[in-house]
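Next come two complexes, and both contain subunit A; in the first it sits with subunit B, in the second with subunit C.
Our next item is the complex of A and B:
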């Protein structure tokens, strides 16, 4: 109990240090763009695959849920509500946590156990500024873009399933989906993506910094990073949905 | 590049076959299996509840805004149950088994591989697949359906909290429609899905760890690849399972 509280306090201090390093020095622009490229580019293929298949299943189950009502035409609307508003942002966040987040945690953890972080401090380079800030800026730049790409893929895949597998009317699907999605909904998705990006980056880097020694310590830090960021993101998702859409 | 990935698929096939033959033939490491199963299940139980519960709440929140149009709010619980039993609970429970259990298996086996403990086991004429891989594989296969049950309960409760406490729907309607409109097939189907996902996670995690190379960074990479590859694989498999099983039920 006490150790859990101590961990939370430690995490808070870590966030404060990262925040201070972000504003005290100029962020390393070139490295931030490099990180953004890595995070975005590495996560993109897997994200496309997952968005597409979540879209297909959403269409199938939405159809099954509305058939008893005779409301199967409303699949387009269901996609806009469940897919665009809810699933796409949280899905992107969990995949980026699973891919980029674990990479951050394991890279930083390996640097920690090989004492490279201590070496940075010896050279009077702030390790938070050098290691965390570029990842932080990178993930904030790229996560909203990934969310938009994922929304597009998800809607496209569910359109294809609705029209070709379930035999629904295509123009009607498009019309219902676009009537349900207000432009401001997309901005809310961007807002969610920012929040999830901040959570993922801080949690993953924190677990990397505080790893225990040895290969199993690195594995454990990587593991904890993805689970904790997924749990925090899905709790945050409900709170944000209730505030923004409730 | 192409040859490499084909060779990887072939190695994975051989690995799966060797695991499968050891699963069906004695001797079984029952104690080890129970220990790993308990470890995965107990470590995942809280995260599964913490993730599926808010998803149930979100489903109810968005579902209500659709059913409001028909004035059919009473059917809300059937939407929540379809979404949770068939899709959300199996997928999210398995995602967490992959993220917690699968990555732990890959990390443990990878650490054993690079510190040459697995080689040491082989030299002592002990079958490392039977003693170290099969118990972990079976743990994933048992834990995923078990956690799916916990996830179903959490999701339905989450939907209840939003519908009844937050949005003020009548509580009795929620439960009545839930029992009336949920087919037993939804629950068996979801559990069967979780079982299939557990098999995939177990095989992929153990394969990644068993074949890890390249020091501490290599173990980190194996852990990372395990989570990503197993989640992608079972989401793709999920589409075909849904089309095959639930497509048939409604028609």
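Our next item is the complex of A and C:
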């Protein structure tokens, strides 16, 4: 219990240092764009595939649930509620945590072990500014965009299955889905994506910075980064949905 | 225990204590590092040499005691002050600590990018000069993965001196090197001290290296500095620890 509290306190101090570094100096723009490109580009293919198949399955299961009640035409509404508001943001967050988050944690952990972070300190270059801030800016730029792409892919795939496989009415699907999804809901999804991006970046970089020596230390840091990011994002998703969507 | 005080110390440590959990690493270390000379801190592995050197640049905070670099007390300095002090230092790390995503030359010019307003051409020119100084003029565009252990250390040294610091710290410069490469590194350190006139602080467990390059030599054991002074005095030490260490290394 004491160790867990100490860890939380240490993480808090780490966040304060990152915050200070973010506002004390101008973020390294070129490196931030580079990070955004890497996070977005590397996560995109897998994200498209998974979003599409989550969309197809949501349509199938929604249809199966509504058929006994005679409400199969409500599949579009179901997709909008479950897919757009809930599944897409958390799915993108999980994917980015598993791909970009683990990469951040392992890269920084290796740099810690090889004394490259100490080298930055001795060169009077703030390692939080140099290593965390570009990743922070990059993930905050990219995660909302990835979430919007995921939402579009998920809805498109569920539309195709609903109309061409299940024989539902296309215009009615679109009408019910768009009636259920208000424009503000998409802004709420962007807000969720920002929050998840901040969590993933800070947690992953923190575990990288505080890794223990040796290859097992890197493995443990990487594992902890993805597990803690996923758990915190899931919890945050529930809290934010409760606050934003009621 | 004899610890001599140098006439014009650039760095001073006063009653430094550091422990990690139950393990006492530094137990009241007090000494000064003379300006413009090479100081070697000697001791077997695990005696806190690296811990000591990291206190100088504020990478570690002591549990108690003081660390001074000229008139600045490093251990209680603000982050801004610490960074100002660090700009006066260069450091060669045990494994080089080169950035793998950069070439050897880019590693050398890395500090210039953040601490000077030089353009890319000027930075490259300076980096090439420093690489020539460490006798590696041809490796600028080479990835760090293609460098040998000795070359990595020399590139790291070129990076350490690129901002022309007042003090360069060396963490085990000869570890992992064959005897021939080790003597090349020693010769390089001696030559650079004469050419650049800067203060070198070297920590090592290699007595041969200590005697080859050290103007002042100290011996750490059990968290204490058991002997410290000019090389001639060190060799005449009557400390059992020093005599034992010298004898084990077949030096006397």
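Convention: the second predicted complex is superposed on the first by the 246 of 246 C-alpha atoms of A that agree within 3 Å, B and C clash if a C-alpha of one lies under 4 Å from a C-alpha of the other, contacts with A are read in each partner's own complex, and residues count from 1 in each chain.
Criterion: a residue touches a chain if its C-beta (ideal position, glycine included) is under 8 Å from a C-beta of that chain, and two chains touch if they have at least 3 such contacts.
This is a predicted model, so every value here is computed, not measured.
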In this superposition, the partner of subunit A with more touched residues, subunit B or subunit C, is B
Quick check for you: in the superposed arrangement, does A:116 touch first (subunit B), second (subunit C), both or neither? second
Practice task
Using the touch definition from the top, say if A:219 reaches subunit B (first), subunit C (second), both or neither.
Solution key: first
Going by the contact rule set out at the top, does A:125 touch subunit B (first), subunit C (second), both, or neither? second
Is A:230 contacted by the first partner subunit B, the second partner subunit C, both or neither?
first
Subunit B versus subunit C as contact partner of A:243, first or second or both or neither
neither
- Message: Just to be sure I read the superposition right, which of the two partners does A:94 touch: subunit B = first, subunit C = second, or both, or neither?
- Response: first
Overlap of subunit B and subunit C contacts on subunit A, residues 114
Subunit B contacts subunit A in the complex at 47, 50-51, 54-55, 57-59, 61-63, 65-66, 70, 72, 75, 78-79, 82-83, 86-87, 95-96, 99-100, 103-104, 106-108, 110-111, 114-115, 166, 181, 215-217, 219-221, 223-224, 227-228, 231-232, 235-236, 238-239, 242-243, 246-247, 249-250
Residue set of subunit A touching subunit C in the complex reads 114-116, 118-119, 121-126
Within the complex, subunit B is touched by subunit A residues 46, 49-50, 53-54, 56-57, 60-61, 64-65, 67-69, 71, 74, 77-78, 81-82, 85-86, 94-95, 98-99, 102-103, 106-107, 109-110, 113-114, 165, 214-216, 218-220, 222-223, 226-227, 230-231, 234-235, 237-238, 241-242, 245-246
So, in the complex, the side of subunit C touching subunit A is made of residues 54, 57-59, 83-84, 86-87, 89-91, 93-95, 97-99, 110-111, 114-115, 169
